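Consider the two complexes below, in which chain A is the common component and chain B and chain C are the respective partners.
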Partner chain A sequence: MVDSKHQWKAWLYLSPAIVLLLIFTVWPIINTIRMAFLEGYDSLSAVNGTTFSFGFGNFIKVVQYKQFLTCLKNTALLCVTTVPISTLLALLIAVCLNAIKPLQKLLQTIFFLPYVTNSIAIGMVFAAMFNIVGNAHGTENEIIVTAGIINNVIEFFGGTHINWINAGSTYWANMTVMIVYIVWNALPFKILVLLGGLQSINKQYYDAAKVDGTSRRRVFTRITVPLLSPMLAYVVITGFIGGFKEYTSIVGIFDETMGPPDDKGRLNTMVGFIYDALETSKQGRASAAALILFGIILVITLINLQVSKKKVHY
Partner chain B sequence: MADVIMHERNIQLVSARQRIMKIAVLVALYIFLIAMAITVLFPFYWMINSSLKTLEEYRLSIPTFWPRQVMLSNYVDAFNTANLGRLFLNTMYVGIVSTLLSLVITVLCAFAFARLEFKGKNTLFAALLATMMIPGELFTITNYQTVNSFGWMNTYTVLIVPFLVSVFYIYLLRQNFMQIPNELYLAAKVDGTSDIKYLWKVMIPLALPTLISITILKMMGAWNSYIWPRLVANDDAHKLITNGLRGASFMDTTTNEPHIPQQMAAVALVSIPLFLVFIFLRKYIMKGVSRSGIKG
Partner chain C sequence: MKVELQNLTKIFPSRNKKSNEEVVAVSDFTFTIPDGKLVGLLGPSGCGKSTTLYMISGLQKPTPGKIFFGDEDVTELSPENRGIGLVFQNYALYPHMTVKQNILFPLQNLKGADRMSKPEMLERAYEAAKLVQIDGLMDRKPSELSGGQQQRVAIARALVKMPRVLLLDEPLSNLDARLRLQTREEIRRIQKETGITTIFVTHDQEEAMSISDIIVVMKLGVVQQVGKPQDIYDDPINLFVAKFLGTPPINVFHGYIKGGKLYVGGTETPITETVEVEETVETENGPVTEVKTVENIVGYKYDGGTAVLPADAAIEERGVYIGIRPEGFELKKRGALECKLSNVEVMGRDCSVVSTHEAAESPTVRSIIDSDSDIDREAETVRFALKPNKVFAFDKWTEERIYF
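Up next, the complex of A and B:
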């Protein structure tokens, strides 16, 4: 029985959350969709009484905008490289961790450390590691004092130093740095989830395989991976969602210019594009881009769920 | 008889070979894991190493792996240059106030969803969960206008209020509350205990691990938040730590070059509180994180 006194009390307890959600979650959804479909909407003109007609203009403008395509390309590229690399590496580390006893706790803690960092702060450390120290301003007769620890290591093994992030660096050098940093950053969460999954697999499966004399590889592909598949699907989906929202790790390494000093904005991402549009007060365009981002995330999640429905064993 | 002995010897041989294989695999595992662990730790080591060097030593073409002259003064300089004291206070204030308010709101909301009956409960809960799908950037665009029209720009309010409600935390706590047997609640009702007293005396102590997880994640969120604070509170009085760190410029006055050791010292100062929290509350962090899939 639901009595009315209880009803009243429930809504009282819910009220602070609901009021805040209405203002900062529900209204933004409605308003962002509204602004996205009003041609060339910007809030400054809106305040002055300008009216905007309904249409798909913002979406068309966003898609035709060269900057947007760069952002989309960068974001997609970072996603399709970092998600598989970090997932495979995390799987490998988790399986190895699960196979050892001494030092397991210590190593597990070490592998989790990158999670409890500030992605901007540690990005600055990576920038210093890949940096070329000295008067490297891209001039003809530049003097390189030292080439940064990563380049020092490359030179130690007989290679030549690479201009990773400074003026005059190539797009692929920049991308490599970003991939290394994002993978480093993404590992802890994936290892944590996958190791948790491995530890919950019933030992009886492995005992049965041992009795049958099954090879290691077969045990891995026929027992470990299938039983781990829900966790794998989970880290891949969250990895893609996080990847499409990549922004702060790039700010950490390249600062707000989102690229080397001589080619600003080269590494900009979808989220960066939205904020750029917002800061220039082009809310219509920003809203359209945000809806496109939402659409992409939705599609990727649905595809992932569809694939895992076929492949995941619960 | 001889046959049996031969057979036993064979078994011994096989098991010896198996043992060697096992040890070889184990050694390979340890080598791989330790190599990976060193790779993971290297940036932290390099941060500390660089932060203690003089600029001259940092710029040597053959790097030193431990500073010849330990420059603790870099930390003092970094603290003053980046105005870290003020940034620490701002961030702590925002973190603590928003955590406390958020906990109250989350507990009340989760309690209503877990224990009370009201019309449309399941629909409302499903609608809440659905909003978790939407990327935060979509909200930011309108929220920026909203806080602007409220006149909240460059205040603490703007850093606290818009993020007080997290559907994920409500979900997490509701799941935890639901595990507490309903009989306890009904017994308390019979005894005439008020809801609030029951919440305080029974539910909150039982759900304490979840509440601690939420507190840590929320504090880490304030510590790491960058995009929203930069957008709405970029003045010196309200700037938060990450934003201040990224914006600070560490220049060597004589060479007019970036003073990387000082910058690394500032980065270390910002990172150390997170490490301390991690060391003391590792269990709660790892538990909270494995269920959330979100950073900060």
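Up next, the complex of A and C:
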């Protein structure tokens, strides 16, 4: 312990970080909580000297919004589909990458590239790939010309094109595109973590398994996966947290309309809902929604931790 | 199960592509391990002993060489088909499984006709656990066990499928000194009880000597000597083996043999011979042959030193290393070898006299004598007579044993 006489020195050295954290992290959190519990708070009226009474009105209003339920449903759906799919795919790719010697470094770099690419840019590329008319905002009456690579491929194999993201597309077509895009975008980080985990597993376990004549499948299920479980838990938990904060990916493909041109806001998410509230300068509502999102993420993470306590070894 | 190694060789290709240096880890190892014996592969690190073990296990393939278990050629067999049990240096227990699951694991891998019913497996697992006395710890995780207990679990896991050959890689290196003593007796007992041919690797000569039926001493991939521990100790084939075995280590002196006597110390003078050599030198006017005189060393003369023991008169004059076991010294007033006394360490049963001698290779000469012998601790010097069967001579250049 630092001598109490010299403690001021320690505080001095910590002060730049503490001041910044207080201004940009701690105060916003406190302020969010404060605003959430002030009835109908909005900053413009607050500047003009309006006072707000304390209450749960913001929360009630948020929950009553039809849009809120859509956002919650979209977010939850994206989470429960993309997290397991991307984790399993990442595990598969990591195991394969770990098993090969030549080109391992090169492939590792290639798999990591999406991580360092701007997600809006990737979204635009995906939008172009899934397009059908060459213009993402085509109207219903436009002549449909197949332009996107995906539809070209489908037609090449004799299928009929699918309206993925344009006007008149179905909700499930939109969701499929979102799931493919989010999974693809989430892979690199998960592969990186799992590959790191795989490479830190002592090779002697595999030698021991070999001597004992363990089949490949059993080596994978009884040795690799359990020894990798801490990393798996990590990518699942961070995956869920990231999933609940999903927003930019949808903007990337559908623009800020958060849906196809004829049904705007259909794919909106929780974070999108918060931004919408902020845009109309309803800070109270936005804060309440943010706290609800925080609560959901907290509960999911606690459940995750509880499950991993039983399943994760060491 | 008899294990036969024929010209076993392991060459690792060089890592660096530029230099074509291959690493010969094991070179031409031919040896038959009799059925039911405990064999210790002994040598300093990097001598190829672990590589040999891994080749027997099948985790590494020999390049070239053959391995037989009994009359069956197992060289091309994969590890699981060889019927071996392998205990790794750091045990390699699966950390996420309990002791019971760890021991059961090899049995659960069996397929077809070998597959046992669950109660049978459990019975076998408990049998193996009982043999190594860990049947009370079956539901613990490896992290909840001490080093010694983990070691036993690893042995139980290796024994549970009743291997034909049991292989142990540095089985005691991760244990503390006290546990090491206990565990090595344990390994001996388990080996005796099961009668399984056991091969273990160690760099600790004491460990190897104390439990092995046969020791194989290796150096830089080459087998130096094979034999019973006591035989190797009493009759080392070269200086390396003599130095490697025994605690305290053997005392090595410079010396020579001349005229039927073994001398410690002395001076070495080269005998030279002047020879005329014709040498062709390239000059501007073409090659020119010059005659040069060169001094060649054709032998050495030895003088001085102390004659300590008689030698075979037929041996011509030559420089030798003289190895004297610590117990080969005897305190004698008129002993031939005079050393400067530096310290006497009493250890109860006997005492060790630490002295110095100018011809000794190491800074001190350590001798062990009876504690009841009369020694003047204040004396400047101490005189020893030598026991002939504890004194070995080795050629100065080849370091091979010379029987004098």
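In this text, the second predicted complex is superposed on the first by the 298 of 314 C-alpha atoms of A that agree within 3 Å, B and C clash if a C-alpha of one lies under 4 Å from a C-alpha of the other, contacts with A are read in each partner's own complex, and residues count from 1 in each chain.
Convention: a residue touches a chain if its C-beta (ideal position, glycine included) is under 8 Å from a C-beta of that chain, and two chains touch if they have at least 3 such contacts.
These figures come from a predicted structure and were not determined experimentally.
S.K.: Can A:73 be said to touch chain B (first), chain C (second), both, or neither?
M.R.: In the superposition, A:73 touches no partner, neither chain B nor chain C.
S.K.: In the superposed arrangement, does chain B or chain C reach more residues of chain A?
M.R.: Partner with more touched residues of chain A: B.
S.K.: Taking the superposition on A as described, I'd like to know which of chain B and chain C A:218 touches: first, second, both or neither.
M.R.: Touch status of A:218: second partner only.
S.K.: Which partner does A:131 contact after superposing on A: first (chain B), second (chain C), both, neither?
M.R.: So A:131 only meets chain B here.
S.K.: So which bits of chain A does chain B touch that chain C touches too?
M.R.: On chain A, no residue contacts both chain B in one structure and chain C in the other.
S.K.: Please name which positions on chain B make contact with chain A in the complex.
M.R.: Counting only chain B, the residues touching chain A are 26, 29-30, 32-34, 36-37, 40-41, 43-44, 46-47, 50, 58-63, 104-106, 108-109, 111-112, 116-119, 121, 124, 128, 131, 133-146, 161-165, 167, 170, 195, 220, 223-224, 226-227, 231, 241-242, 245-246, 260, 263-264, 267, 270-271, 274-275, 277-278, 282, 285-286, 289-290, 293, 295.
S.K.: Which of the residues in chain A come into contact with chain B in the complex?
M.R.: 2, 6-7, 9-11, 13-14, 16-17, 20-21, 23-25, 27-29, 31-32, 35, 43, 92-93, 96-97, 99-100, 103, 107, 109-122, 124-126, 128-129, 131, 133-134, 145-147, 149, 152, 184, 187, 189, 192-193, 196, 234, 238, 241-242, 244-245, 247-248, 251-252, 255-256, 271, 274-275, 278-279, 283, 286-287, 290-291, 293-294, 297-298, 301
S.K.: Give every residue of chain A touching chain C within the complex, in rising order.
M.R.: Contact set of chain A toward chain C: 202, 204-205, 207-208, 210-215, 218, 222-223, 226-227, 229, 313-314.
S.K.: Which residues, counting only chain C, touch chain A once they are in their complex?
M.R.: These residues of chain C touch chain A: 57-59, 78-81, 84-86, 88, 90, 92, 94-96, 105-106, 108-110, 143, 157, 161.
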